[in-house]
Amino acid sequence: MEGTRDAILRQLRMARSMEVPKRIQLPPPYEAAMTREEWIEKFAAKLGEQTGVFYRTADTTGVLEILSNLVRQEGLKNVIASEDGLITALNLKLWGADQGVSVSFPHDFKDRKDYQDTVFNHADAGMTAADFAVAESGTLAIIHDKSNARLLSLAPALHIAVVEAKNVVPVYESVMESVFLNGQSPSQLCFITGPSMTADIQGQMFKGMHGPRKLIVIMVG
Amino acid sequence: MEIKTRQFKAVARQELNNPNSRIFLDLLPVVLSSLRQLAMASFPDPEAAQRLGGIIRAEALSRLPELLEQFEKNALKAGAKVFWAGDAHAANAYILELARNNQVDFVTKGKSMVTEEMGINEVLEKNGIEVYETDLGEFIAQLLKRPPFHIVGPAANVPPPEIRDIFIEKGIMENPTVDPRELGYAARLYLRDRFSRMKMGITGINFAVAETGTIINVENEGNIRFNKSSPKIQVSVMTLEKVIPNLKDAMHMLRLVSRNCTGQHIGAYASMDTGPRKKDEMDGPDELHIIILDNGRTRLYQNVKTRQALQCIRCGGCLNICPVFGIIGGFPYGWVYSGPMGQLLTPLLLGLSGCHDHIWACTGCGACKANCPAGIDHPRVLHYLREMEVQGEKSLDAVPPPFTEDMAYKAFSVIASNPTLWKLTSKIIRTVLNRNAQDGKLSKGPGPLETWLAGRDFPQMGDKTFHERWKEIENNPPKAVLEN
Amino acid sequence: MKTVSLFVPCIVDLFLPDIGEAMARLLKRLGLSLVYHDAQTCCGQPAFHGGRNPEAVKLAKRFIEIFENDETIVCPSGSCVVMVKKHYPELLADDPAWLKRAQAVAERIFELSEFIVDIMGIADVGASFSGKVAYHESCQLSRELGVVEQPKTLIRAVNGTELVPLNGAAVCCGFGGHFSVTYADISEALVKEKAVHYIASKADLLVISEPGCFLNINGYLSRNHPEHKAMHIAEFLAGKQN
């Protein structure tokens, strides 16, 4: 007997074909004519429109300085950080001991339940790397894989993302071309543009609906 | 979801006088259309960008069977499970069995029109599985047991005191407040607890990319991401037409859907999954089930006159711009899809017989078509549906109008085909109409104009029609400059 | 002297003959010679929107027979022009001989303001009106024919006239043919919004290009705000004869 799948496909194939309008060529996006510095400027401006906070620093020492300031400003006690190379290079446990901040990594936990308990209930901030920063809309692109867990950028009220200046790209397509290579696809790629938000009650917009209330981006380089 | 399409006129009348709906609807055109315009202006050629959206969608539809197969192949390769469902019943049964086999006692859901169409909530609840809508608006609508008011703002018309009362009644909040932020925060805490314990999350799908087997969801709140991050089992449901050729096209549609929906450049989150989590990954689902649902689409697809309705990407842009929606809101449409997109999809999916008003409650202004980023010509499809209703087309479940209406149109065409009859008829109309005229106008009177005259005047018919005046006009010399 | 053929829509013929007369006077003043085919009645638009294609086709063929020998056809209604220009070729698509004839007529028909500005190349028609004028953009005219600027150009050139912005100028007034009777309460709510915007614009007059919109908006104003006036563009440009 013919299954549902085959029946659907057969019926679709039976249908009369229709003429399809020819593809049109769009003029190149504005970002195509910009320099990297202009991309960074645009990224920061667009991020700012969504209340995202932008820092830029030359190196890891700079990142740690910014983090130390954030600890005081935001009153951070408990940070869960990703295991991306960019983050592990910061040696956060050492830094945390110095600052009085408890730093954990997802793979510290014995199981998923424990990890979720921390990321949902105890972490003041989730810290991740971002693989790309997209100029066109102030968007971070994060490949969620074994070293960048999904909930870090979602469950805590504050999300701190570190991204390298060399990974600023003009448009979404640039990300796609770099990420989906040779048939290899990450289990999840996520575009993040500003903190979580809603306007579902009377059209009044506020940030921090289910996800972070605040997004901080630290650009290195 | 209960179908109330036949009550269109009655509900529309209620909504016309509903101050809560008015607040939101009055804001719609002003705020959203200006935001949309601003956002579209970020394209060097906004008009071409929109046109490309329509071309991408038309092309995807023309290659539908091939793209679905390619999508399935790539999704399977990435480790997803793919289930083809012929109808809502089959899709619901699959989800229910999955939930039972995994001892799931509650599920959380991201906002999705297709699962409303399926009525999965009722099925799960009837079987003792609790369902939590997690989009704030949908959560409120669910608690109040109301259908979604607008595709983007399902509870946008609910005043805060009503939300406060239901939150207190359901134990979601202890301290009364009407501050939207505080109400949102209460919902956040309540649902967060579910997110941290859930086994199964259900979402819709914005775009399914054939090239990679990737599913894409766009949102602002983060609830869909939770549904894809913390459960063991993720079920994502798509209808056939969600498939799109490649990532490049998907990126263009991503831009268009956000700009036309809320006037944003992109929603806060666009998450793109290819398969379930990989080994060593801390979170993400162990199992990703993708349900490809037909539920009437292949039938709709067969007919080349209605096929383009499947180009819709559910941005809701046509709702925001439709003058009729702007007056009556989403309730009168009586099912999942409202506004112009609902006026096509509802009759096509449910049959024309219960959806008479969907195909007639349109002024033909064409704003929907002009703004559609998916290239749909709504007025043209509506015209076709009108034609089919008049003909009583069985395959569309149409019920023809009464015989008297046929006669009226036939008579009109006979009269309009004969100048002598036309002139004679104009004399009769004059006599009849002018009987009730006063001060050069009609203000009340029975007959076909009765409803018009309830709130508007109609001009008294002059002594002569244009036909009768022409001889004088023709012979008059033109006058020089005239003052008004 | 160039000759144009007048296409006077049925609602103008029956209920708003002043608009037809104003168009005729205006075109004469611009130096044109006019013909009016007495056999003309209705283009079939009501039947078309009523889903009555056979009746619409009958009237379409009739219209083509009457007008196909004219070099230029001018009409004071955008929606009737859309009917002839766009819907006739659709309705007759399966009949190559008729399609050809429909397309030939489609190329020669123009809405009044489109004709004056684009074909005659005239902006100032020699009219005068002292005061502020708001302009309602009729849906079919602006969206289907793309005629938005032409009427405004003509209004701006009228001596003593200031064209003022109208909020929601491009939003439907709620007429929609039988819609205005079948869904009268929705229609009325829409025309009410139009009136609210007009009054807020502080204009002395609302100018309208479409007889249907005029019937609707003027009917609402006459009932509810008789001190606020509306006028069809043909009458505005010709100077109303009282």
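Before moving on, here are some points about what is shown:
In order of appearance the chains are A, B and C, and numbering begins at 1 in each one.
Note that in this section contacts are C-beta pairs under 8 Å (C-beta built on N, C-alpha and C of every residue); 3 or more make two chains touch, one makes a residue touch a chain.
Being a predicted model, the structure only gives us computed values, none of them experimental.
Because contacts link the chains only in sequence, without closing, their graph is best described as a line. A simple rule picks the central chain: find each chain's mean C-alpha point, then take the one closest to the mean of all protein C-alpha atoms, which gives B. The largest tally of C-beta contacts between two chains is found for A-B. Chain centres here are Cα means. That of chain A falls 31 Å from that of chain B. Note: centroid distance chain A to chain C, computed from Cα atoms, is 54 Å.
Shared interface positions of chain C, i.e. residues touching 2 or more other chains, are not present.
Across the complex, chain B is touched by residues 3-5, 7-9, 11-18, 20-24, 26-30, 46, 50, 106-107, 112, 115-117, 120-121, 136-137, 139, 144-146, 149-151, 154-155, 171-173, 176, 180, 185-204, 206, 208-212 of chain A. Contact residues on chain C toward chain B in their complex (touch as defined above): 8, 10, 12-18, 20-21, 24-25, 28-29, 34, 36, 38-42, 44, 46-53, 55, 58-59, 62, 126-129, 139-140, 143-144, 168, 170-172, 174-177, 179-191, 205, 215-216, 218-220, 222-224, 231, 236, 238-241.
Interface residues of chain B, counted against chain C in their complex, comprise 9, 12-13, 16, 29, 323-324, 327-328, 360-367, 369-370, 383, 385-390, 409-410, 412-413, 415-417, 419, 422, 426, 429, 441, 443, 448-449, 451-452, 454-459, 461-462, 464-467, 469-470, 473-474, 476-484. Considering their complex, residues 23-24, 27, 31, 42-45, 48-49, 51-52, 54-55, 58-59, 61-62, 64-65, 68-69, 72, 78, 84-86, 90, 134-137, 140, 153-156, 158-160, 163, 180-181, 183-185, 188, 191-192, 195-196, 212-214, 220-223, 225-226, 228-230, 240, 247-248, 251, 254-255, 262, 265-284, 292, 294, 298, 301-302, 304, 307 of chain B touch chain A.
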